[in-house]
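Both of the next two complexes hold chain A, though its partner changes from chain B to chain C.
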Partner chain A sequence: MSQLATVAKPRRNTELLLLLLALSVGIMANALVNLNLGRTFDNDFYTQAAILTGLSLAVHFTLRFRAKYADPVILPTVVALNGIGLAMIHRLDITTGDSAGPRQWLWTSLAVAAAITVIWFLKDHRILRRYTYISLVVSVVLLLMPLVPGISAGDVNGAMVWIKLGPFTFQPGEIAKITLAIFFAGYLSSNRDLILLAGKKIGPLQLPRARDLGPMIVAWLASVGVLVFQHDLGSSILFFGLFMVMIYVATSRISWILIGLALMAVGGFAAYQIFPHVSRRIDSWIYAFNPEYIADASFQVVQGLFGMANGGLLGTGFGQGSPETVPLANSDMIIAALGEELGLVGLFAVICLYALLVARGFRAALGTRDAFGKLLAVGLAFSFALQCFVIIGGVTRLIPLTGLTTPFLAAGGSSLLANWIIVALILRISDAARRPLDLSPSPSNEQQKEVPTL
Partner chain B sequence: MNDLSLTVTILRFGFLILMWVMVFSVVAAMRRDLVIGRKAKVGAPTARQARKHPELIQDAPAAKAQARLLVVTEGPLAGTTLELSNTPILLGRAQEATLVLEDDYASGRHARLFPQGTRWFIEDLGSTNGTYLGGTQLTRALPVELGVPVRIGKTVIELRA
Partner chain C sequence: MNQAIRNSWIVAITLFALLFGSISYVQFFGADALNANPSNTRQLLKSFCSNRGPILVDGQPIAESVATDTDCKYQRKYNDPLLYAGLTGFFSKYAGQYGLEAAMNPDLAGTSNDAFFERISQAFTGSVPQGLSVELTIDKNIQKMAYDMIPDGVAGSIVVMNPKTGAIIAMVSKPSYDTNLMASHDKAAVGSAVAELTKIPGINLYGSSAYKQVYAPGSVFKLIDTAAALESGKYNKDSVLPNPANMSFPGMTYTLPNYAYGKCYTQTEASFTFALENSCNTPFASIALDLGQDAITAQANKFGFNDKSLGIPDQVVASRFPGSQGALDAPALAQSAIGQLNVQATPLQIAMMTAAIANGGKQMKPNMVQTVRTPDLKTVSSLVPEELRQSTTPEIAAQITDWMVSVVDNGIASQAAVPGVKVAGKTGTAELGDGLNNAWFTGFAPANDPQVVVSIVMPKVDVATGAQLTSPNASKLFKAVLNK
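Moving on to the complex of A and B:
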């Protein structure tokens, strides 16, 4: 009982302290890159440090004004990850002569601005529930965009997931992640009783009715569609996994997971048999060290593995390794680059930061009181977890490598934008979860209205 | 080993240490945070608190008598009764609803009544006109005591023993 009497505290000062620590991680990483690669500490370095500080403080003060009770550890974790990513991209730019760094700075600023906008204008996450079916339509449109001639950017690295808007290229699938989570949360929070109650019981399993399987079949077809038409295995796993987790959380029926895994196995096996690009992926994963595959298909993974081995336990230090020899070192393979230069110790710190971020998302879901908010927070936090698993698992050759982005670390604007918006939504939900409630029926309560006399 | 490379080595390990300091600071901040989120005790316990702390329910005097009937007291369906088992009840105009309300002011999926422990809770499902428990609009799941009117559109229901 005494635990229940704990007074909720905003804890924004804790956030500020952790934020300073996170900023020192990001800025020190950048400083080490400059130091080790013989760069002078010119204006660029100070400007970048100032931008990172300014952006984080902007979010911090927005939270002070608009979401006082939001979780204090989410923002510092994200800032630290983003800072490490920016430093690594800058470091790779120096050796490859690429210019991904300035682009990443631009997108970081845009993404943070978008997150601030969401926190500022979205006063209550439950408003999103009104857009359940609009979100579905938006998701479908976003997923189809890369296939529309004219705005499609065509086949990039074997996947049709990009669109071109003037000088910018964008991956609409990243945003579809958010709108799909909103749709699943809205749909499942109003329909879960139906799905829960109906159906036959066979042994310990309660099987759902055939008509309640509809949404699951649709989700499965959509993911298979993404795989077949866009050649994007990563997003396909992400969308279907998101749906499976949300329906499991909504109904707590293990039968959904089993049905989902069975559908996934069927889809995966069929794709392996039918599509050459899928079977190539799998073969180059199993036989990665076979000379036949090292020549091109598995070169990236194998080179990344050698890089991480070179880094060892403590890493070579920023700028001291040669992660630039791995193709796409600053996006898909950034985990291999970090593994090489920061070592196992550094990589595990990064993974711990991800784990903490996901755990805080689940915590917000546990604390919040409405079913929609719970499902949305679980779905969004789980999307981080699944992305990390798929990409880090791919880089370390636990599972076949697929082109998902490493949240906040990898170079890529659309993913940064989408992930910062997700963070804004989780912060908003955590604010609702931790805000103290005045449950006493006092007339001063704004939410209390007279019963309308009709 | 010259001075610069020594500095670089120290900084290299310093950065790894800094990253772990960051991780452990976050964990420390979370540890203090674990109790918050259970709400300050003002008013009735939430469904979640009731599940976690069954002793809260026993404190409430009205919970002694179990609700066994749902009775519609006002509105087009006045007089209808429904026996309660231990499965959730969906209220609304939709055909799938457990109690199909022929009420123009109710939404398709209006509200949901569900048992938790020894009592029933009502939760609004994002309805247009809202659900009122004893004159207060619901903003989250709240326990329904026996005889307290629940208003959905023009329909009023209550639980009876």
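Moving on to the complex of A and C:
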């Protein structure tokens, strides 16, 4: 196994500098909202600025103590995204009279606290490998929860993915994303030799043995199950994509991708034929501007497109557009709201932030020395990329719109919580990747199990 | 393993690249198309409260945006709305958009390409964005005079235009209504106003204009038969036409009677001069039967019938000949040739036809927008006379003019005469049954150097009333425009 040598420097001061930049983005955005919508700078504004600064610094100091070699770019990137999201949600609250802002602040605090907890108590990501099969069980339980009568929140916007916990609603699927990644990473890092070496070779394709296909089939069934029973096309694509990229990285076998894509094509086509909600979604994507769909099925996406077109190259500016005319503007459609008010230029910057975050995740994967860490980091980083693609692609009508959250931007507690935990895990892995070799404690004998470099 | 990670990274970056592409399309390359999408109400919603440019007649605003002290910063206001409703139309949040307000919206709202530099400078100076102003070719006095000529209770229209430029000098229709009722920001008030207005017979909120309403043109259509006859080469100015009192068709009981109110019955054959002076029916029916439906249709099209693409700049409703699909049988063609049956024309179309004859066969594109200006009065565009089509040859136009002069001098349009000016004219009475007619006059003056075309229609009146409301009024309008 190779790893890329990085000069072993903590770079925490770099992070602090970038963090100040990121904080100013979020706080200035909030200030612009207040200015442009004629709101006074009341105590709320200063409290919020203080909270965001406090939360970011708390993570920063946790890293100084517990993971001082962690990648310095990741935290500022996430803080900037979260800050922009909070500003936009606040801006939409003002026009719609909604109160998603305070909830988002609460969840941001909870999520950051969870991230700090993970960084503080999880001293080495390889510990998670012990929980491979527990993670599988937890994933299954989490995915089934929305279907259990009593805690199920029922059908929300066409999908059964919510549960009710007292006054809060929660999307357990978001957390399942993490536990599934842990399971796949653990399972694949342990079994990759077997999967790699056994099986028939047909031409350039090394086909897996039928028994090794088991997990693939399970993952496929889980994805299809999510689609069939919860009507959640986005999560279904996300889970399956997550598994595909991890098995590919574990085996370097293109054949797995081909089998996966074939299964997906079959599943997708069958779903299109069988389930009216899937076919309706596809049709309203292709024929979005048809009078038949424009007022109803494709209303949301078309209104989003009109908003983005209205923003154009430079955007209308915070508070100057009318993003509130798009349904679900502060969650599913927040990209359209940002596109309208910040313009093409602003949205490019936001997507660059995501690309940067994903790039740093991949960099951690390249640098870390154990297969489990590599797989987990790739899985988590790729899940961000895929999630961005599915939701932003859906909003811009590149692909059919499905209800995935936009990481860190969209209003929604479960998504924030899950994504901050993912960031904590990537930070932890990046710390392992960048730490000088001799400092690396090995809680298990992972290293000897690694197969030579492929 | 690291190679696979790098490959996955390429996949991830490809996904982001696709997103950059789709966002660039939505917000830049395809943005204009999305903004112009008819289902896109964003620009529209925004402009209800914005400072739209005024519509001006003789320098005075007939439509303007006035500042309010509500959240919605500007309110559209129409001055003299009854006089101009058929031109301005209205810009309503709750009842839609119509007329110039709709057709000139990009300029009035300041979103057109013409307004691009204006937008930039407004962005830099921080001034309140204001749309472009639109000055009309309308003459306020003529417009008022024409409007007052239509008695209450008659759904008439009058069009006055310059045959050499196509500029519309006046265009009025009755019954009219107060467009301010539509522009209100009070949804309930607009709703009840719409309900009230639609109860009034003759009011069509989205079509009460001289370029939207169609009427049977009756005898004024005979000018087109005449042009077709001369153009065919089968007839010349000295041709003798059959003029039976009743035209019968082989194998049918239907007969087409000649015009009852002139001297038509005095002779069984007629020259063009006689047939036009007395507006006889059968000579023109026989021309149409001789030349065939296609020749008449072709000539009608050359005068602007069946043209669905004309905008002044608002879309003009196409006038129709023969008005129904497929081939006409002989009686139907005969009736169509005298502007009856399913033939329908807007008053504007009749004015355009007349203007083409007046202008040596050259039909100019009618228009009512003189200039478009920025708020600081820089001219963005101004009316350039544009030839629409050659409707007939200069020789034929001159010949028809001669005959139209004799219709006024010696014929049934004598009341259109103006002392000291040669007037060319043609009347029409399209029979609607029950003794009611569409009474028409169309003509121009001076015949030797045409300055003004007047077309008048007074629908659903008896013959005597029709005669009173058409030719004498045309005479007054000629006088007013020519300052005689």
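Annotations for the structure displayed:
Simple rule for what comes next: the second predicted complex is superposed on the first by the 431 of 454 C-alpha atoms of A that agree within 3 Å, B and C clash if a C-alpha of one lies under 4 Å from a C-alpha of the other, contacts with A are read in each partner's own complex, and residues count from 1 in each chain.
Just so we're on the same page, a contact is a pair of C-beta atoms (placed from the backbone, for glycine too) under 8 Å apart; a residue touches a chain by one contact, two chains touch by 3 or more.
Owing to the predicted nature of the structure, the values given are computational and were not obtained by experimental measurement.
Contact with chain C, but none with chain B, is seen for A:Phe362 once the two complexes are overlaid on the shared chain.
Of the two partner chains placed around the shared chain by superposition, neither chain B nor chain C is touched by A:Met160. In the superposed model, A:Leu20 lies in contact with neither chain B nor chain C. Comparing chain C and chain B on the residues of chain A they touch gives the larger count to B. Legend: residue contacts after superposition of the two complexes on their common chain; A:Ala371 is shown touching both chain B and chain C.
Touch criterion met: A:Leu344 reaches chain C, while chain B stays clear of it. On chain A, the patch touched by chain B and the patch touched by chain C overlap at residues 1, 3-4, 343, 359, 366, 371, 454.
The touching residues of chain A, when paired with chain B in their complex, are 1, 3-9, 11, 14, 17-18, 21-22, 24-25, 28-29, 32, 35-36, 71-73, 76-77, 80, 126, 129-130, 186, 189-191, 193-194, 196-197, 314-315, 317-318, 320, 342-343, 345-346, 349-350, 352-353, 356, 359-360, 363, 366-367, 369-372, 433-434, 436-441, 447-452, 454.
Partner chain A is touched in their complex by these residues of chain B: 8-9, 11-16, 18-23, 25-27, 29-30, 33, 35-44, 46, 48-49, 53, 55, 87-88, 90, 96, 105, 109, 112, 114, 123, 125-126, 129-130, 132, 135-137, 139-141, 151, 153-154. Note for the complex: chain C touches chain A at residues 1-9, 11-13, 15-16, 18-28, 30-32, 34-35, 37, 39-40, 42-43, 45-46. Of all residues in chain A, only 1-4, 245, 248-252, 289, 294, 302, 305-313, 322, 325, 339, 343-344, 347-348, 351, 354-355, 358-359, 362, 365-366, 371, 374, 378, 381-382, 385-386, 388-389, 392-393, 396-398, 453-454 touch chain C in the complex they form.
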